[in-house]
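Let me begin by handing over the structure; questions about it come next.
Every chain is named by a letter (A, B and C) in the order it is written, and numbering of its residues begins at 1.
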Amino acid sequence: MSAAASAPTGGEVLLRAERLERRFGGLTAISDFSFELREGEILGLIGPNGAGKSTTFNLISGFIRPSSGRLVVMGRDVTGASAMTISRLGLVRTFQHNSLLSEMSVIDNILIGTYHHRSGHERRMEKVREVAGMTGLTDHLKAIAGNLPHGLQRMLSIAIALAAEPRILCLDEPLTGLQGAEVGAALDLFEALRTTHGLTILLVEHNMRAVMRACDRVIVLNYGRLLAEGSPEAVSRDEAVIEAYLGRGR
Amino acid sequence: MLNRSSGVWICVALAIGAVLFALLATNPYYTSLVVWILTNAVLASALRFVLQIGELNIATAAFFGIGAYTAAITAVLFGWPFWLTLVLAPLVAATLSALFGWVTLRAKGPYFLLISFAVTEVIRLIYTQTNAIGGNSGLVGMFPPMAIDAYYPALAVALLAATLFALYGVERSDLGRMFMAIKNNDAIPRSVGLNVVFLKVLCVVIAAAAVGLAGGLHAYANNVIAPADFTYFVAILALAYVKIGGEGHPFGPVLGAAVLTLVGQWVAGISAWENIFYGAVIVATVLAFPGGLVGLATRARSLVIRSGQ
Amino acid sequence: MELFVQLLANTLQIGSVYVLFALGLTLIFGVMKIINFAHGAFYTAAALIVTSVVPFATATLGLPLWAGYLLAAIAAIAVVLCLGALVYSLGFQYVLKDLNGSFILSIGLLLVLNGAYLAIYGGAPRSVPQILPGTISIFGATLTAQRLALVIVAAIVTGGLYLLIERTRLGLALRAVAQDQEAAMLQGMPYRRVALYGFMIGAGLAACAGVLMAPINAVTPVSGDEFLIKAFIIIIIGGLGSVAGAIVGGLFIAVVESVGGYFFDPSTATLAMFILVIVFLLVRPQGILGNAE
């Protein structure tokens, strides 16, 4: 397996997937997929459309259960555990689509993220203001989420996750539809989250240049299986990866 | 609708007015009508309360019945004191609704609607099949204690109005915000560690406690109850109150219940046309005024303000 | 053996009407994602029309009974199809896929229609003379010719519907829309028209049930509503929107009712049915043949 080739940077293993498999009826979306996420890293998860990235996200966040395999978060076996359990352990995800509470205000959106671990309205509002400041939403707190411009909606979905005080932040295509300057700002935010807030980030993204710039390490999925793993440079030169992307005509 | 706190004060004034009316009016027809309006308002508000999580709970009718039967059984068959039976009514309804919610809230949307419908019918059938509680003819003889008999309508109105304010209070609280989030997009609360299933059950339980109390009060107000009083149609009417009053505002169901109950007194007894009237009002509301009466009032008000400028 | 055949015959009699009724309900749900509470009103309309056209045709036009009944059946189905189209275009097309909105709309419609039937026909039960007199004996079990005919016609209609769904372009469109409306629209399916046809077919099936039952059971302005609750149970068991599920579920409920009704009493059978549904939902919330989301 190519996993042996790469030596991840040091740091405790926060998330370990062991031979994950998920079948939908007769279709196998993910099979024999193992990877580790280590404290303090930004790990990129890439692959052609339909490679199983979303399924992987749903599996590690507890939104769907694996057909077989094992999932360990923060040293605890959470195979088959609920989304609530996994989130409370500190692994919080965002969504690619329908990523916010579109009919509710920005404040209410972020507040929802604070409920399970903060009590008292004032302490929750403190968190809301802090997170809104980090994501550039301070001036939009009263707006209805669904009316925000697209870029701010993406930021809000990250803000909701941050309000839940995660240790691992899993971002599902957070840059989709962002304009040039917004992409840069988002990448700066990810870096700041890692360095000043000690977050570990798993990033699913289509924008290859952003992945190359932001990530320490990249894993590549193809047809639901691990295709390659390594530094961004190594992966981008990998024959099999190039073949997978070009071979699909995308 | 005005601003929020003045709206609440107007409602408090209305509630006090209703209590005073029930206390002072001498014609029993009018006092029982006020109790009936408030009972319907609680039923409609409880139905809307569960609509906060996006589910249409027909079993609202069943929990109303459970409250009524609890009060009636403990009072008539066991001879327990009045206050105890009134406390038990919402408690038993809430407990059974927790079981109901835990089982049925795995399903949602059309499935939940149909199951809640089936449960309502099951419970009604159980009443009719159980001779110990009067079978088809139900139970008779729930009377408030002599000492408070004269004040009972006022007491009932006060408790029902308090229930309405309590439901409103929960809706405005953090819990209400979580309910709204579940309806809007339940993946988000799940992703940040909230126990969505528990919250949904809790929502159903709170609503059931409210209608359970209303059911207990109804048993004493009416002195007689029968299985036929607690068919799914109770929930259907409550839904009509919600839709006609306006689903978007907490006052909507109260207004809808008041208007339709009063109009119902007027059209009652002209059989076929009563149905046609209710039906036509419902159809017209859904198609032409989706915001109900409250929505209409809001629109009218904004028109007035605009033309005044 | 005799008991077995008798129970089987009872099951088929009850089941064939349930299947027709539930098929319409599930078809309408599949295509429009609405629960039509007024479905029973289509059944009632057809049955009531039969009760007024048959006497008219035999007494005034002097037709033989069977011809009068045939004429009544055609008239009833035609009127119900028009009623379905009318109700769809005045109301349901504005609340497609809005579960709560369409539900309350259908309740309003049910009240209006039931009120209208009551105003026109009055509340007294109405009946039609026996069309096919006599009884038939199979393996020692007896059943009336009329009920046997009911089973056969219902089976033919169900088979016809199955062919329509599986073999025709309209059936393909109905299935596509039921499965994924947006994808179907992207493929160029005219959703609103498909929904209208689906709704009319559903109404037509209820009308068939009403026409078939009119000579067997007395008709009142609320006859159709008695089937509604059972039809709800059937489509929960079969899976909302599943045609095969409605058939299986309808027969299953008929078995429970006829066997349970024979060994216990009818209310116990109904109670058992409800409890079965609740247990069923615990195990398989999406129904026998429904797909998990």
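Following the convention adopted for this analysis, a residue touches a chain if its C-beta (ideal position, glycine included) is under 8 Å from a C-beta of that chain, and two chains touch if they have at least 3 such contacts.
Computed from a predicted model, the values in this text were never measured in an experiment.
Where touching is counted per the definition, the chains common to chain A and chain C are B.
With centres taken as mean C-alpha coordinates, the chain found closest to the middle of all protein C-alpha atoms is B. Farthest chain from chain C, judged by C-alpha centroids: A. No other pair of chains has as many C-beta pairs in contact as B-C. For the pair chain A and chain C, the distance between C-alpha centroids works out to 50 Å. Computed centre separation for the pair chain B/chain C is 33 angstrom, with centres defined by C-alpha atoms.
Averaging Cα coordinates per chain places chain A and chain B 44 Å apart.
For chain C in complex with chain B, the residues that touch the partner chain are 29, 33, 35, 91, 94-95, 99-101, 103-105, 107-116, 118-119, 229, 232-233, 235-236, 240, 267-268, 270-271, 274-275, 277-278, 281-282, 285-286. Residues 51, 56, 103-104, 106-107, 109-111, 113-115, 117-119, 121-122, 125-126, 128-129, 236, 239-240, 243, 271-283, 285-287, 290 of chain B are the ones that touch chain C when the two sit in their complex.
Chain A meets chain B in the complex at residues 61, 63, 83-84, 87-88, 92-95, 98-104, 108-109, 111-113, 115-117, 121, 160-161, 163-164.
Those residues of chain B whose C-beta lies close enough to touch chain A in the complex are 174, 177-178, 180-181, 184-185, 187-196.
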